[in-house]
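Same chain, two partners: subunit A is paired with subunit B first, then with subunit C.
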Partner chain A sequence: MSAFVIRRLMSMLLVLFAISVLVFVIFFAIPGIDPSRQMAGRNPTPETIKAIKHEFGLDKPLPVQYVLVMKHLLVTRDLQSYSNRGVEVVPQILRATPVTFSLIIGAAVIWVFWSVVIGVAAALLRGTFWDPLLMSLALIGIAMPVFWVGEVANLFTQDRWHDTFLFSWVPPLGYTPFTEDPVMWFKHLVIPWITLALLYIGLYARILRSAMVEAEGQDFVRTARSKGISEQRVLGRHMLRVSMITFVSLFGLDFGALAAGGALLTEVVFGLPGVGRLTYRSLAGLDLPVIMATVLYGAFFIVIANALVDILYARLDPRIREPVTA
Partner chain B sequence: MSAVDVAVGVPEADAGHHGPWALALRRLLRNRTAMGSVVVLAVIVITAAAAPYYAKHIAQVDPFESNVTGTTTVDGKTVPVIQPNPSGLGSTPIGPTLERHYFLGADSQGRDVMARLLYGGRTSLEVSIAAALLTSLIATLLGLAAGFFGGWVDAVISRFLDILWAFPVYLLAIALSTVLLLQGVKIGPVSVDPASLWLPIIIIGGVYVPYVARPVRGEAFSIRHREYMEAAIAVGAKDRQLILAEMLPNVLPVVLVLLPLMIATNIVTEAALSYLSIGVQAPNASWGTIVEDGQNLLYTRPWVSVAPGVLIAITVLALNVLGDGVRDALDPRGSLRIRRRTRRMS
Partner chain C sequence: MSEPLLDVRDLRVTFLTDGGDVTAVDGVSLALGADEVLGIVGESGSGKSVTMMSVMRLVPERNTRFEGEVLYGGRDLMQLSRRTMREVRGSEIAMIFQDPMTSLNAVYTVGWQIAEQLREHEGLSAAAARDRAIELLRSVGIPDAEHRVDDYPHQFSGGMRQRVMIAMALSCSPRVLIADEPTTALDVTIQAQILDLIRTLRRETGSSVVLITHDMGVVAELADRVLVMYGGRIVEQGPTRAIFHDPLHPYTWGLLGSIARLDRPRPHRLTAIGGSPAPAWATPSGCVFADRCPHRFERCSEPPPLVAKRGAEDHLDACWLPIEKRGDLR
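Our next item is the complex of A and B:
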């Protein structure tokens, strides 16, 4: 086990290093692009460009530049926005994190519950018209762009049906911290939760259904049935359990990606001041230091989270500990 | 599901008379659901291709020219395209007239929404299809090289793909777009203008390479030591012949199965990037940019934003259904190692 942990952590460090190099190359070393001009935002003064050249050592060789950039990002964490003078980037990201977590945890609860219900129902009702109906609905959920679903939701809850009993409780777009007013926090987030969950309900219901159907054909299910175990028990203890393995590992990856700012479209549509909207606002001004920091921190978060999930998995399932060949 | 049953029902003796490709095509043609999606897609492609005709002869406007002071005719009466609000504050573009001019109304610059939708569809489809082809090309080259040569070539390519894989797609796309949008790309003789459609094509096509290259590599790896490969080596085939004549036709199904899904993912990715204003740039319009254009008009003229979203959803849905059909046709036994899901922004 400890050999696996060490191997996994080593490969994690390697990937983190590679990602930091990739980020550096994208922002500072694409041929034909002047990085000081990039970092300075839309309409820079010559002084700003000079300051940037000095700060990142842009007249020095590339490895030195790389070290300087990483120092500002990770060690001293004093990277500043040039479009928005003097605002430090890293604390801004940390402040936005609770909002993002509020959004994605609620959405995850909804999507796990409904995708399990729909996926299991479709697998059980195979051969009836319910199965294709549920799976078509799931496909529609996947096909709709999230930001568009959000706009349509806003259209009805904020405007068209806002004065009816249905949606008169919906507050204007925005966010209230949980610690300030839990009820308001909930009211602000319900619609965003459902909007974000729709896509994942569709994806996970389809994944779970096909995993259940696959499990049904396997020997251990036939054995369980032939032993005379009740159908309910076969379903719950055998089929669903083995189907959840794929479900859970995908959930870990998707949740990690959302936590790292992947929910930015939902945050933008609903005006939630999370990490994603921070990125979005810097996109408008092409405020590269902020974008670079969110990209690096987001990617780091995902890589570390994946490594932890793998280690947790190896604890649960010894087969995973063996080194993978080819 | 019916497609699987049909596929199993095909007498395998037929395989002797027809090649595997003809067999797959027959399976696909018999799949009613998949054929339905082909019809839907054909309608969308044809109407998008007819955008210039619609703008010139039916709507009779230039959908890229703002027309803030213009007028149009509704029920025989002449009305302004942009109407001042009754309250006196600001102005509202005309809503859907359901006539040949301004069928779906105008956007905030007085441009014909219907005509823009058709042009937008053209751009969205062009970008998504071109990006999918680019992904397929790069992924096939990398996957074949890694699978055929193995050893250090495979090690380098696989590690490179692993790193790209670990990098969240949307963060990579955002990073590349913001950097390239400001100054465009100039690498040697190749220069790409920031407003060019090639920029989103290269970015979207590039970020999804690992998702296709990995299954291609896996498939190439698994056929590397098949008997027909050894037979070809025994009769003195060169590397190039081995790759092109023996391996390529056998990994092609993997790419083909993924192609409709790649295009679907690309449409959503393009729309998301354009919605964030870092995808397709003005003067070009795509479905994503039109959704963004309409955002400020959401409560007064919702159709500007709603209509392109409906078209995106229908197209993506049809492509997913077609993707299922193509998979059932090319891989009825589910033996290809394909990981179907690609991550995307939400």
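Our next item is the complex of A and C:
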């Protein structure tokens, strides 16, 4: 097991290094993106640009620049934003992380619960009109873009019906940390949670339904029934348990991607100052240090999520585990 | 035979499909005596598995019509509530399936899977069920059972998995064991071992066995009585000896003729039954075998009854051919 973890860590580091180089090359070495020109303002003189380049070390050879950026980012942790002089990047990300996690954990709870309910219900009600109905609803959930749902939700909760009893509790867009006011935290997040979860409820309900339907026809389910155990047990312990293998591995990957900034649209629409919104802003302003930092942060979570999925997968499916030598 | 243990009367199973009704089992009656091994032979699609799965009520009930009675212990299993049926399943009547590779759940240890059944029916504690599982695994010949109990199905070979299935089926000492082609997926040497095992355990536990197979050799080896099925109906039934030495139905002749025998001069070719089985959605109204039968005549357009001929009460067949002429025709 420890060998597995060490191997996993080594490959994680390698992947992170490769990603950092790649991102660096894309933003610093490809001609056309010149951060010094961005910073110099309108109609800069060549001298100004030169001075800026010198100040930020942009006139040094690329490998040196890479090392400098990484050193400021990871070692001294005082990498500064290009667009907002003096603003340090690392604390910005540290501030954004809890927002993103508040958003995606809440959404994940909702989406896992409802997709299991809907997926299992549809599989059990196969042959009745409920199954196609639930699956169509799921498809609608998948088909609605999250920014559109978010905007519509805002339209009603913030504007049209805000003064009715339905939505008068909804606070203005923004975020309150859990540690400051848990109730306010909840009020701010509950609509973003549902908005973000909709897509995944649809996706996971459909995946689970097909996995359950597939399990239904499997020999081991017939064996389980022949044992005389209760139908609930056949369903929960046998069919659902086996169907969960696919479900959980997909969940890990999707959750990792969301943690990495994939909830960007939801964050932007609802004004949540999370990592996604930070990435969005840094990209809009070509703020290279922030881009570097957010991309690396994202890569970190995706790699972590992948490693966790691998471990979890082995926990869920004994066939993946290395054979026990007798 | 005294009071039968399991008495199936005029069982009819019809699948309602988009293309019309398909009768998979068409009026099958059979009786299983105490301490008896009943072989059911027939080719794929003859309805032998569906018959026994219906007895266990394991055929999906959606879009399926069941008619007839399955009497066991004074009750009609077809009429039992699902809950009561569950108590019969696994504890009174247990089943082994064809493919041991897929019949066990890959994500649980074999011990857990055996214990699950024990805990359901016998109310054992987890620890007691585990101990019992180890005993059972040992009794089906799994070496090092106290360690193997914690292994997963994929860590066992096919033959060993079938042993696990047998251990599981016998865990609650059922009175009836249904073995649905238990050796089909195994290679020949393992087949013999598994058959031996079933024979030995049966003797020890006194369970009656229904052995479903398409392998006449397996039947000859184990069965006391044989039922030959074709197209969802029984075409011949009788004591194993009689079926092998004095088969009456042309279909049984065909089955026996297609076995390569080592104790006789080698024939030029093995006889094969011409044609292919009538599809279940187009079963003929007369004799089901008529289309493929080399001896058919006008009368075969009516369904022949399953009756005893020639005085032997326990040897029945469903054929119109006059009994005196059969010896010459074969």
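Keep this in mind: the second predicted complex is superposed on the first by the 269 of 326 C-alpha atoms of A that agree within 3 Å, B and C clash if a C-alpha of one lies under 4 Å from a C-alpha of the other, contacts with A are read in each partner's own complex, and residues count from 1 in each chain.
One rule holds in what follows: a contact is a pair of C-beta atoms (placed from the backbone, for glycine too) under 8 Å apart; a residue touches a chain by one contact, two chains touch by 3 or more.
All values reported here derive from a predicted model rather than from experimental measurement.
Enquirer: Should A:P132 be classified as contacting the first partner (subunit B), the second (subunit C), both, or neither?
Expert: first
Enquirer: In the superposed arrangement, does A:T223 touch subunit B (first), subunit C (second), both or neither?
Expert: second
Enquirer: Between subunit B and subunit C, pick out the one touching the greater number of residues of subunit A.
Expert: Larger number of subunit A residues touched: B.
Enquirer: According to the stated criteria, A:V183 is in contact with first (subunit B), second (subunit C), both, or neither; which is it?
Expert: neither
Enquirer: Does subunit B (first) or subunit C (second) touch A:L316, or do both, or does neither?
Expert: It touches subunit C, and subunit B stays clear.
Enquirer: If you stack the two complexes on chain A, which partner ends up touching A:A3: first (subunit B), second (subunit C), both, or neither?
Expert: neither
Enquirer: Per the contact definition in the header, classify A:V75: touching subunit B only (first), subunit C only (second), both, or neither.
Expert: neither
Enquirer: What is the shared patch of subunit A, the residues that subunit B and subunit C both contact?
Expert: The overlap between the subunit B and subunit C interfaces on subunit A comprises residues 326.
Enquirer: Which part of subunit B faces subunit A closely enough to touch in the complex?
Expert: Going through subunit B, the ones touching subunit A are 1, 159, 162-163, 166-168, 170-172, 174-176, 178-183, 185-187, 191, 221, 264, 268, 271-272, 275-278, 291, 295, 298-299, 302, 305-306, 308-309, 312-314, 316-317, 320-321, 341, 343, 345-346.
Enquirer: Help me check something: in the complex, which residues belonging to subunit A touch subunit B?
Expert: 15, 18-19, 22-23, 26-27, 30-34, 37-38, 132, 139-140, 142-149, 151-152, 154-155, 158-160, 196, 199-200, 203, 207, 250, 253-254, 257-258, 260-266, 268, 279-280, 283-284, 286, 288, 291-292, 294-295, 298-299, 302-303, 306, 326
Enquirer: Report the residues of subunit A in contact with subunit C in the complex, numbered from low to high.
Expert: 127, 218-220, 222-231, 233, 237-238, 241-242, 245, 316-319, 323-324, 326
Enquirer: If you look only at subunit C, which of its residues touch subunit A in the complex?
Expert: Per the touch definition, subunit C meets subunit A at residues 56, 58, 62-63, 82, 86-91, 94-95, 97, 99, 102-107, 116-117, 120-121, 144, 147, 151-152, 154-155, 165, 168.
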